[in-house]
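The following pair of complexes shares a single chain, subunit A, combined with subunit B in the former and subunit C in the latter.
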Partner chain A sequence: MRIDNHPILDFKRGKEIRFIYDGKEMVGYEGDTIASALHAAGVRVLGYHHKTGRARGFYCAIGNCSSCLMTVNGKPNVRVCVEELKEGMVVETQRGKGELK
Partner chain B sequence: MKYTEIAVVGGGPAGLSAAITAAKYGAKVTVIERNNSLGGQLRKQTHKFFGSQKQYASVRGIEIADILESQLREYNDNVEILNGATVLGLYEDGVLTIEMKDRYIKLKPDRIIVATGAYEKFLSFPNNDLPGIYGAGAVQTLMNQYGVKPGRNVLMVGAGNIGLIVSYQLMQAGVNVKAVIDAAPKIGGYLVHASKIRRLGVPILTSYTIKEAHGKDWVEGATICKLDENWQMISGTEIDIDVDIICISVGLTPLADLLWQIGCEMKYIPELGGHVPIRDENLETSKKGIYIAGDVAGIEEASSAMVEGRLAGLCAANSLGYIIEDFEEEKQDLIEQLDSLRAGPTGEKILNGLEKVTKVIAGRYGYVD
Partner chain C sequence: MNKAAEVVIIGGGISGCSIAYNLAKKGVKDIIVVEKSFLASGSTGRCGAGIRMQWGTEQNCRLSKLSVEFFENANEELGYDRDIEFNQGGYLIVAGTEEENEQFKKNVELQNKLGIPSVYLTPKEAKEIIPHMDETKILGATFCEKDGHLNPFHTTEAYAKAAKRLGVEFLTFTEVTGIDTKCGRVIGVRTNKGYISTPIVVNAAGGYAKRIGEMAGIDIPVYAQRHQILVTEPVEPMQKPMYMGFSLNIYIQQTPHGSFIMGRGDDSEPTDLRITSSWQFLEEMAKTCCELLPPLRNLNIVRQWAGLYTMTEDAQPIYGAVEELEGFYLAVGFSGHGFMLAPATGLLMAETILGEETTIDISNLDIGRFKRNELVFESSVV
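Here is the complex of A and B:
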């Protein structure tokens, strides 16, 4: 859900950016982080805890808490709340600790 | 190895103010900021500031960020800005290690001003890890920086200034705030903020806590509960609230990892939000050449963070031998500005805390000759 009308801020959406989330094509805007684009599209579960399997979303949204780790372009443990969305990115829900290839 | 005279870690209100001041007096400054933009948390603060003109009273935080950034750019000859650069470590020989766009950089500064800010505290209750339970600051970032609504219905936990301000900003974004609760018997934030959201019909329930969150993969509801005078839940007073977002606004704590790593003397001061470094009136820590400013020195508001930044920048430049003719006068003016920002009941708590960590530090040692 994007904010359309705001009494103080005027959100000028940048150009559309296409990316792949768990195999599905999605659209965000220039200036988005991966997390903001996913959240706007209704995606709140970003990963699952490596031991308990419980769902994980972001908490701090400024790169401190590491609750929002996902696999991006094959690289695990990316803090998607501060990772700028780029054209053609492949974003995947992370299960487990992630492995460096 | 890169070299600079003053490294400023963090490009928020404190760091930018420190860098502007030090550069103005002639010092070569490197600002290291992990985000791609400068301004830190000012970039999401749509509310108007308090204080006096010197701290940009009645200007919105988002505008102050632009003002500080353009002031800094006036001293381009003296300033280097590393954006998208995260400081990874601060070592005994005074070397800062930095990750910048997948590159590893080592930087050796003569002085370091740590202005890393703070992070949001968390709260323990059943199901507190469900997606949809977000820091109030996180929700502010999502809405005001990225233009995205966090959800439809919100429970705000914590009636301090951040909880109250973000509740109002949620409504500005078209999100429904069901209730603001606080475990304390009194509202912690300014009454002017509380009145604003009450006028819009949002109940502020004091002596209430969150008992648990409900949901499987994300928040589908919350149960709140009344507390007795000993902060114990009163059984039978539970209320179920239909929300898809729970905002946690229970305070901030200093982001002081670098100060711990370098071995600054630290002390636990609840009034300042957690462990903070011992410092003198110049904001120099127990490690020679390492200064602090802003929330990392103790949780306050952005207004005082900016003044502390100027003070740290002034003192660091002065210690490097830059001739500042009216140094004592300038310093006194900044100290008086801080005093006036800390006047009043909220400031009293801060002053109590600062009294325990501000002292003359003798026999200081560090990497600086």
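Here is the complex of A and C:
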């Protein structure tokens, strides 16, 4: 879901960026954060609470709330709402608190 | 509010609550604890909450051993309905200099003699315990598996609840504004909520101990120094023991929640009761941590906070009565290890106040030692 035509604002769409989300190939656009690309692609559940297992989604969108922590290129606890999307990124749903390697 | 009490304890931190509990357990009635904020709001709730028996003097080994043995059974002993979260993951104390390394070998001998199960380790052996450390930065280490950490809020609450059941009254959000004396004796405590007449006052005011002393006309040779701690985001458990270095100036542990908390000492820290945070600490702490435990450089820092160490010249507490003022007792100047000594503090102070023989001799830790020039130095402090 993206706004293509807006009565007042003009959106300049960047070039397509391909990335992998939980094994599936996805497409976002230059200028997207990981979270905005996932949201536009209809992904609503970004992770699960480490204790209760409840679904966690896109919430504060400014890097404060830790609701959108995911594993990106093998690194856990990435706040995807403030991480710019890059070509070929591997984004995975994180279980637990993440292991520091 | 005007009241009368047998004993007024100033300070609702771990020391004050432990003293109150021990006095009440020995049958003292009408004990009032006065706390200017909420329980554990001062140094107690801000501390690193590490517990160790690895000390360099026999007295400190004995005091901390008594405390650890208490903590091991504290949930039952205090009848606590929750958990004080005593996690005995051990303490790994690392040597950064040859001198320290040699001292550690002697410390282990002393500790073993007193029944403390510590061992001396080579850097390679130490790395087996904490695999993510850079072992080339250390010359040796000592390890005691019975050391660990606690939840300071739960521990204080456990003491306070047990004390309440024994009849102790807690006046929180009540600030002491003066101490009345007559003919060299304590007669009462003034607070912003009223007067309490009492023959005995215990100063367990942590960072504010010097101010309380001034109210009673007693100059206590302590000063409050800011110490800071930072906390990282949580990750899966990877470090069981506390990692601590004196010359390397660091203590760092992973909490049960998964966050790392770490602190260091800094002689340039302010001594004006400030508990603000500084970027200098953030920078220096991060540097030390990343050098000694390199993988931690990938962790985000969540926040930092500060509390007060109440320092004495020899980094040892001041326990007991004051010659110039009858009925005025001190449990102050813990120099950063008041939390872990609290069970000993409570028991020994209660015995002292009641004129009993103390379980461990602490007569050398009186306030008079500074005048007599009989300081009790301990090298194992951060």
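One rule holds in what follows: the second predicted complex is superposed on the first by the 101 of 101 C-alpha atoms of A that agree within 3 Å, B and C clash if a C-alpha of one lies under 4 Å from a C-alpha of the other, contacts with A are read in each partner's own complex, and residues count from 1 in each chain.
The rule is short, and it goes like this: contacts are C-beta pairs under 8 Å (C-beta built on N, C-alpha and C of every residue); 3 or more make two chains touch, one makes a residue touch a chain.
From a predicted model like this one, the values you see are computed outputs, not experimental measurements.
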Legend entry - First, second, both or neither for A:R54, with subunit B first and subunit C second: first
Inset, instruction - Could you say whether A:V82 touches subunit B, subunit C, both of them, or neither, answering first, second, both or neither? - result: first
Inset, instruction - In the overlay, answer first, second, both or neither for which of subunit B and subunit C A:T33 touches. - result: first
Inset, instruction - Check whether A:N5 is in contact with subunit B, with subunit C, with both or with neither, and answer first, second, both or neither. - result: first
Legend entry - subunit B or subunit C, by number of subunit A residues touched: B
Inset, instruction - Name the contact category of A:Q94: first (subunit B only), second (subunit C only), both, or neither. - result: neither
Inset, instruction - Quick one: classify A:T71 as touching subunit B (first), subunit C (second), both or neither. - result: neither
Legend entry - Intersection of subunit A interface sets (partners subunit B, subunit C): none
Inset, instruction - Using the touch rule from the top, collect the residues of subunit A that touch subunit C in their complex. - result: 50, 66, 75-77, 96-101
Legend entry - Touching residues on subunit A, where the partner in the complex is subunit B: 1-9, 11, 13, 31-33, 36, 39-40, 44-46, 49, 54-65, 81-82, 84
Inset, instruction - Using the touch rule from the top, collect the residues of subunit C that touch subunit A in their complex. - result: 132, 233-236, 238, 258, 295-296, 298-300
Legend entry - subunit A contact footprint on subunit B (complex, rising order): 34-36, 41, 46, 60, 62, 119-120, 122, 129-135, 137-139, 141-151, 172-174, 216-218, 255
